[in-house]
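Note that chain A is present in both complexes that follow, paired respectively with chain B and with chain C.
Our next item is the complex of A and B:
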């Protein structure tokens, strides 16, 4: 099997796993409390154990992951679109707009990430909406910078200058010549932004600034679990934490694979 | 005069001028060669004449007026490297029709096979791509062609073919041509006037 085929197979497998977790989580009912089953360590019946209210931790974990995936996908999707628009504008606007965008990127990047997400999410009314807005407005910077540089490079090509001399408008050049060149960067950036968004969502929720406690988010599960770690209930933290890490690693791997396929240097190997 | 350069000065940095007071004029139907050593400013001058760059001082006049800033430019430039002048992600049909819609007869005359239109630039050779660049630049609104080392990268046979195609169209439509080249032999062969540039002046 060539590397190309293997990479495509790997991408398909990862997409199926992620979609499976998401759909399973969305379709499941919330884990119901059952006090006869409380605080059980992992067994065949409850692979991830149960918590103090007797809820099955596997169900809670999948539900939590599903919610995280949704938040992550929405936040990184919107953030990537912002990055695309801002990056292209900066490269096209030159002068004042470019300076302003660069200043904005430096400003956003200069403030510690977690702190900025917390501030924005509180200002935007907390809850999942505040969290979404917080993540959206902090994650676009890196990708915007990459896209700006790439557009500047493409702009300097002869075929762009020639198109202008054939009487083509700036809009035509942007939509037909430049944006199609940006799409691979855009998708890779989007996928690689995804795990970041999920980690920030969970991190913030863990710290108590994110999802409301009644939501079955992974961050909520982890922060609850912290309280019972000292009483020996290790399964409350280990399994959900591990599941989150695996999810993030899988998505990151997905991004690397897509990059391998789309990057012209490695695409034909 | 169709295309005139009047006392053009240009420098990539302030201290050193590449072009210092260059004047040149070419009439419709005239074929002028610009010959000179590397780095003497031939390409810079052709880019200024085609309106790609602004001179520091002096003026470029087309039919007595400055070149249009928007819309189709009647002065078209053909580059030395066709692969850089064509979007690598586009099929060649799109590249061609970006400029104008040539009919099958014209393409045949240009030596462009119909099946090339559905290929990507990486699937054709430099000479084949250059035919597209020439065909693309010869739209009905084009009245002047600047060929910046258009055939330097090509082998002798392709070079001869490309020039023949260009000259045939130019003659029929009474286009003005400015051919930038290193080679005095080529210049004398294809042009009716040779302008020596740089140290040869």
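Our next item is the complex of A and C:
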């Protein structure tokens, strides 16, 4: 089997796992409280144990992951679109616009992300909506820089100059020649942004911004678990977090595989 | 020389405009908020008379237009007055002053730890490039990059505090001991776990980055030549490797202040460490606007200082970048 086929198989497997977790979490009923099953350590019946209210931690973890995936995908998708628009505009507009965009990127990167997301989420009135907007407006900078650089490189090609000599408008060149070239970068950037978005989401939810406490988000689960650490209920914290780490590693791997496939140098190996 | 002065002054102008923009944006964000600070305050402190509410509304200028409030706040800032914190009931500048010392100790410990050990591990990986040791450690580092700070903090607490009992459960000093009786050793003991947590992410970053650079250097022609002359691996690393990879590693460490600050918010919360980060999230949760704005502005200055040092180091240390600038 060639490396190409193996990479495609790996991508398919990861996508199936992620989609499975998402659908399972969305379809599942909330873990119900059952006081006869209170604070059980992990067993075959409850692989992740149960919490103080007797809720099955495996169910809660999958629901939380599903929520994280939704927030992460939405946030990184919108953020990547912003990055694409801003990056292309900066490189295409040159001069004043370019300077302004660079300044804007410096500005966004200068404020520690955690604080900026807190500020934006307060501005948007807290809740998951505020958190989502906060993550959207803090994660576009890196990708925008990459896209700007790529566009600058493509702009200097001869076929762009030829198109211009033929009297094509700037808009035509941008939509026909430049944006299609950016799509691979765009998708790779989006996937690689995804884990960051998830980690920021759960981190801020953990601090108490974002998801309301009755939602079984991973951040909520872990901040609840923190209160019972000293009583020795380690499974409340270890397993949900481990599941999150595995998710993040999988998505990272997905991004690398897609990169390998889309890069013409490594695609046919 | 005049070129240098010109580039420095351009940089300064840029920093000042960025700072002004940060203050405008932060202020705008807070003003946009549908959360009414008066309402939040009254809910938190029931039993305030109507008369006092009116007096406080006037004192805080709640009913003035935002632009006017911004100018008032901005001119007070320039005089060094950051306002009074609502939750701590002390001037913001005082809180930042006392808490920054604690946060600085934490960040410095994490920063040095991740810098020194990350660099050492990175060198080790680079030296063993392609061999089992390298691929195992590299894989561990890649996984470390995917571990959220708040979870690893919890894991450290469970393993080292609850199970092994090596370290205390949080705070920066033992409970029930007067501040003047706390020994340095006790402080250090309380610092180790939060610092480890905070350094976790950047540690892997530094190691992977260093590895990449070292591999690049080791594949160069001058290293091949040095080996042909009979230099051992260690002396190649010492003479050719270290000098080339140290600058990017150091500048990278200085430009990571932003993540360091962001991470400290989370690490301090887990270990109930009384620093700036814990204060920032408390301020955010309880709508303590003056404190939150003060800490944000302070952190931005801190981050810009780090970036400026990184830029300056590049010019100062690397002989190639100074040559053209005479």
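Going forward, the second predicted complex is superposed on the first by the 269 of 269 C-alpha atoms of A that agree within 3 Å, B and C clash if a C-alpha of one lies under 4 Å from a C-alpha of the other, contacts with A are read in each partner's own complex, and residues count from 1 in each chain.
Keep in mind that, in the parts below, a contact is a pair of C-beta atoms (placed from the backbone, for glycine too) under 8 Å apart; a residue touches a chain by one contact, two chains touch by 3 or more.
Note that the structure is predicted; figures quoted are calculated from it, not measured.
Q: Is A:93 contacted by the first partner chain B, the second partner chain C, both or neither?
A: So A:93 meets neither chain B nor chain C here.
Q: May I ask you to name which of chain B and chain C touches more residues of chain A?
A: C
Q: Once the shared chain is lined up, is A:126 touching chain B (first), chain C (second), both, or neither of them?
A: It touches chain C, and chain B stays clear.
Q: State which residues of chain A lie in both footprints, the one left by chain B and the one left by chain C.
A: none
Q: Sort out for me which residues of chain C touch chain A in the complex.
A: Against chain A, chain C makes touches at 14, 17-18, 21-22, 25-26, 28-30, 32-35, 142-143, 145-151, 154-155, 157-158, 161-163, 169, 258-259, 261-263, 265-266, 269-270, 277, 280-281, 284-285, 287, 292, 295-296, 299-300, 303-304, 307.
Q: Can you list the chain B residues touching chain A in their complex?
A: 50-52, 70-73, 76-77, 79, 81, 84-87, 89, 95, 98-100, 136, 139
Q: Within the complex, which stretch of chain A touches chain C?
A: Going by the criterion above, the answer is residues 103, 106-107, 109-116, 118-120, 122-126, 195, 199, 202-203, 206-209, 219, 222, 225-226, 229-230, 232, 234, 237-238, 241, 244-245, 248-249, 252.
Q: Which of the residues in chain A come into contact with chain B in the complex?
A: 157-159, 161-163, 165-168, 177, 180-181
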